[in-house]
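Two complexes come next, and they have one chain in common, chain A, joined by chain B in the first and chain C in the second.
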Partner chain A sequence: MNKMEKALNELGHMDELAVQESPVHAMNAGAKLLCTVIYILVVMSFNKYDLSGLIPMLLWPVFMYQMSGIPVRTCFYKLRIVLPLVMAVGLFNPIFDREIMLHIGNIGVSGGVISMLTLMLKGVLCLMASFLLVATTPFDNICAALRRVHFPAMLVTLLLLTYRYVGVMTEELAVMTDAYHLRAPGQKGIHVSAWGSFLGQLLLRSMDRAQELYSSMLLRGYHQHFHYAPIKPFKFSDAVFLILSIAFFAIVKYVNVSELMGMFLVR
Partner chain B sequence: MIAFENVSFAYESGEPVIRDMSFRIEDGEAVGLIGANGAGKSTIMKLLLGLVQGEGRILVDETEVNRDNLSTIRHKLGFVLQNSDNQMFMPTVYEDMMFGPLNYMVSREEADKRVDEILDRLDLQHLKHKYNHKISGGEKRMAAIATVLAMEPEAILMDEPTSALDPYNRRIVINTIKELSQTKIITSHDLDMIMDTCSRVILISKGSIVADGKAEDILSDKELLEANHMELPLSLSRNG
Partner chain C sequence: MHMADALLAPAVAATMYVASGAAAGVSISKLRKDDEPAKLPTMAVAAAVVFAGQMINYTIPGTGSSGHMCGGMMLSALLGPYAGFLSMIVVLAIQCLFFADGGLMALGANCWNMAFYGCFVGYFLIWKPIIQSKWFGADKSALRKRIIVSSILGCVITLQLGAFSVVLETSLSGITELPFGAFLGLMQPIHLAIGLIEGLITAAVLCFVFDSRPELLRDVDEVGVSGLTAKRSLKGTIGILAIVALVVGGGLSLFASGNPDGLEWALFGNTDGGYSSNMGLDEENFGVSSQAAEKAESIQEKTSILPDYAFPDSESAAGTTVSGIVGSAMVAGVALLICLAGGFFRKKKKQS
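Our next item is the complex of A and B:
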């Protein structure tokens, strides 16, 4: 199995995760989607120096992972390629923003360091929440939920096709890498001189395949409605979940939980 | 009824692939489309399904194939693609089989019943809950055929249904095709299979029909076949 096939298996594994059974899997897709969106908005809304305020937001995804039976490390493992990119976003802050904001013992911590950490944490939290949604809800159901809230049909179809396209492209990449190495034994990676044609071929091939896949969907009656992916009904428990989650976000956002806990500890 | 009336077609900026082609297939007929690689067999199917548009008229039950009535046409036709990797897109075989019927508003219970019946008929129950990315090429081909049968189309188009199949599954597919009462159009280089399943054969070469007639006549015409990159079916070459 080459690297690409492994990647592909992991994509397939996402589908497998999404059909497991747990209280989180059993939830209404719309409720989960809404909650995830609100969560991400709230996380993004924190001030860039408010690291201590943001930390309690970690509790929600951690709790949800517990409930869903999906280990948090699965998320970090699957996202190991994206994670560093997200983390890199704030890397330069410490260089530009050197004003000392806080002292731990007698080491001064600059605003840049704090805003870097805050940004990193924001990125990680958003990734964790999005991953949880995708890992506990079949992708077609997420699309169905988006349609339910009147998200434009074109965009939903595009989203669905993108999701499938990634799979197709990985598959083609796997086949082509194998074919290349069979004829270039002992070479590590793909020689620079072949990059152009390799990339061109990859795009053409995966586009052709994606086109056929889409045709195949159309031929079997796909018309941007998702009757085939029924959303689990919105139950009382979903309402409770939604209210509790939003209440939690509001508390973390408007009450300084860390300070509060600190006060308790000091007493 | 399926009819081509003076149909021509070329892919963008290329040579014509289908040249002024006309034929008519009546309800319930089983027709084999044969011809060398690149003759235009798959293209004929794509034209019929409205996946590509050419000149001339294509009729399915007196309805012309054009942009406005694609969904009516496609509801009537089931298509098994040449490449099954591109046919299956849901996570599991079961979900893939349910996709078509549910889109056409068949109830879930009814669709479930269909799926089980077809899986039994094809001896595929063991694949039901398998993930599409974890089954072999031949298994995927069988599953693709199952997804199309689950739609209960009025006519079935199959592009190379037996390629990639082992003899056991090839036999199951042949027997299944024989049992279907629908109109069937099958392309293949497996002339023995065509011999077994089709009563009529249309031979295509470079986008034109070179022969159209009874299967046993065309498939036993050694010279005609060899002139078109094919050989007598094994069953005939042994006897004769």
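Our next item is the complex of A and C:
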């Protein structure tokens, strides 16, 4: 399977996850979007040494994943893309910051190690939250929610159209890549002599098709506005969910829950 | 170069959202004013091609590795800077949402680093002036050369700007201990090489478009060169590109091995006045045990102490950290319980 087919599978899988049924799937898309944004902002705002304070933030995504029935495995599979850069940046912290901050037994743990771990945890948490949003909300619902908060219509339409064509183009390129490799066995990528023509051919064909597409859109009565399927309305339960979640974030942000819980045991 | 949420502080992320949002607002109003709704499907299709096209591996001649193409520069050459910018935003948003490439809150920063420079700087300062210039003469092959030069220059310069912004945003967020200069020394050379390769690939694609359908490229039809729809002869161009790639690739690898990395230089050449320019060769004055290094160490010690964090020296502070660890373990236990409970209820639901 080549890279593009893998990407197609991933896209298809996300679409499948998004139309399942669960309490989280049934929520209003706007409420989920708002909650995800606040969650990520709170996670980002933690001090780089505040590992113990950050850990309880894990509870919200864990709870939500359980409620929605989304396999965490799928989310962690995506970490392969997020973690390398985060780790590349974080790995230097133990080298530069060697101030010993705490002792576990005889082993001194430096500030750099703590800040590195905090950074990695932040990376994991932010990914878990945004993945949850996309995996429990169909993309057109997210777009409809964006439209509700007066996100520019042009950008939302562009998002929807591009999302539609990403699948088509990726499939087309996957077939082209397969065909190319069958005729050039043992070759790793696209040879220099085909650098321009390979993508260029597809580009030219697609640009022409886009014009025909626009004509057909006009014939079907398009006048710069999309009509969205009715999205799930904002219910009382959504308000409760929003308030409880934000309250939880606030508590974890301003009270070190880990330390409080630990004190019950230690003292 | 896609930044994750973890690498940014909320204030920096918000600032970048405002900056990118402003650029997007200008682009939207500009497109509306020009009344180009017909462009929308073209933008979407071009964005999708760029998205998929970035997954193609192009073999770099003479090396075992492969390169990718530069989306911003290509989109702005095809669609113009405003439409190109919006298309790039959409590509980045889909990459972020569905492929976890970059974070939701880091999207503003990513749009700025990759789309803004690629589309606006790349178009207004590089593509347009070079295409409209009189470089290389006035015939068709001269125009092709100008396309190649502006593609390569555009990709290199916009990628350098993007890499610089990544370093700046990360450093301002206070996430990394890596000194600004050392981080910069790591990022810029890597992206110089990437930019060159991306530039060559982008040039190849744009040359192909130029040979077959020159009217699709921005500013090209306005230049007024006769006989634009001539037969395509890509082989010569690609041959030149291959040679350039080889020379550049070889040259770069020499450069890369000659100066191992900026990090080492910053580690050993760290003086209190900044970073020395002698790349750490003078072991006596700038080495590990030199006076300068000791001074730097003492400064680092002074600045890295966090007043309100528990240190092992104080009795009570040690207590807090211990309870912190125990508490974290308990939180992990609670998380595990939630998982078990979730699994239990789901099983029950399935049975019923």
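Everything below uses one rule, namely that the second predicted complex is superposed on the first by the 189 of 267 C-alpha atoms of A that agree within 3 Å, B and C clash if a C-alpha of one lies under 4 Å from a C-alpha of the other, contacts with A are read in each partner's own complex, and residues count from 1 in each chain.
Operating definition for what follows: contacts are C-beta pairs under 8 Å (C-beta built on N, C-alpha and C of every residue); 3 or more make two chains touch, one makes a residue touch a chain.
Quick caveat, the model's predicted, so the values are computed rather than measured.
Among chain B and chain C, the chain that touches a larger number of residues in chain A is C. In the superposition on chain A, A:220 contacts chain B only, with no contact to chain C. Looking at the shared chain after the overlay, A:209 reaches both chain B and chain C. Contact with neither chain B nor chain C is seen for A:243 once the two complexes are overlaid on the shared chain. Contacts of A:26 after superposition: neither chain B nor chain C is touched.
In the superposition on chain A, contact of A:111 is made with chain C only, not with chain B. Shared-chain residue A:90: touches chain C; no touch with chain B. Across the two superposed structures, the residue set of chain A contacted by chain B and also by chain C is 11, 164, 209, 213, 217. On the side of chain A, the complex with chain B involves touching residues 8-9, 11-12, 15-16, 18-19, 138, 140, 164, 167, 171, 209, 212-213, 215-223, 225, 227-228, 230. The touching residues of chain C, when paired with chain A in their complex, are 2-10, 13, 24-25, 28, 31-32, 37-38, 40-49, 51-53, 55-59, 61, 64, 66, 69, 78, 86-87, 89-91, 93-94, 96-101, 103-105, 170, 174-179, 200-201, 204-209, 212-213, 216, 234-235, 237-238, 241-242, 245, 263, 300-301, 304-306, 309-312, 318-332, 334-335, 338-339, 341-343, 346.
Those residues of chain A that touch chain C in the complex are listed here as 3-4, 7, 10-11, 14, 36-37, 40-41, 43-45, 48-49, 51-52, 55-56, 58-59, 62-63, 65-67, 69, 78-79, 81-82, 85-86, 89-90, 92-93, 95-97, 99-104, 108, 111-112, 115, 119-120, 122-123, 126-127, 129-131, 133-134, 139, 142, 152, 154-155, 157-159, 161-166, 168-170, 172-173, 177, 187-193, 195-204, 206-207, 209-211, 213-214, 217, 224, 256-263, 265-267.
Residues 49, 51, 70-71, 74-75, 77, 79, 81, 83, 85-87, 89-92, 95, 98-100, 102-105, 108, 131, 133-134, 147, 151 of chain B are the ones touching chain A in the complex.
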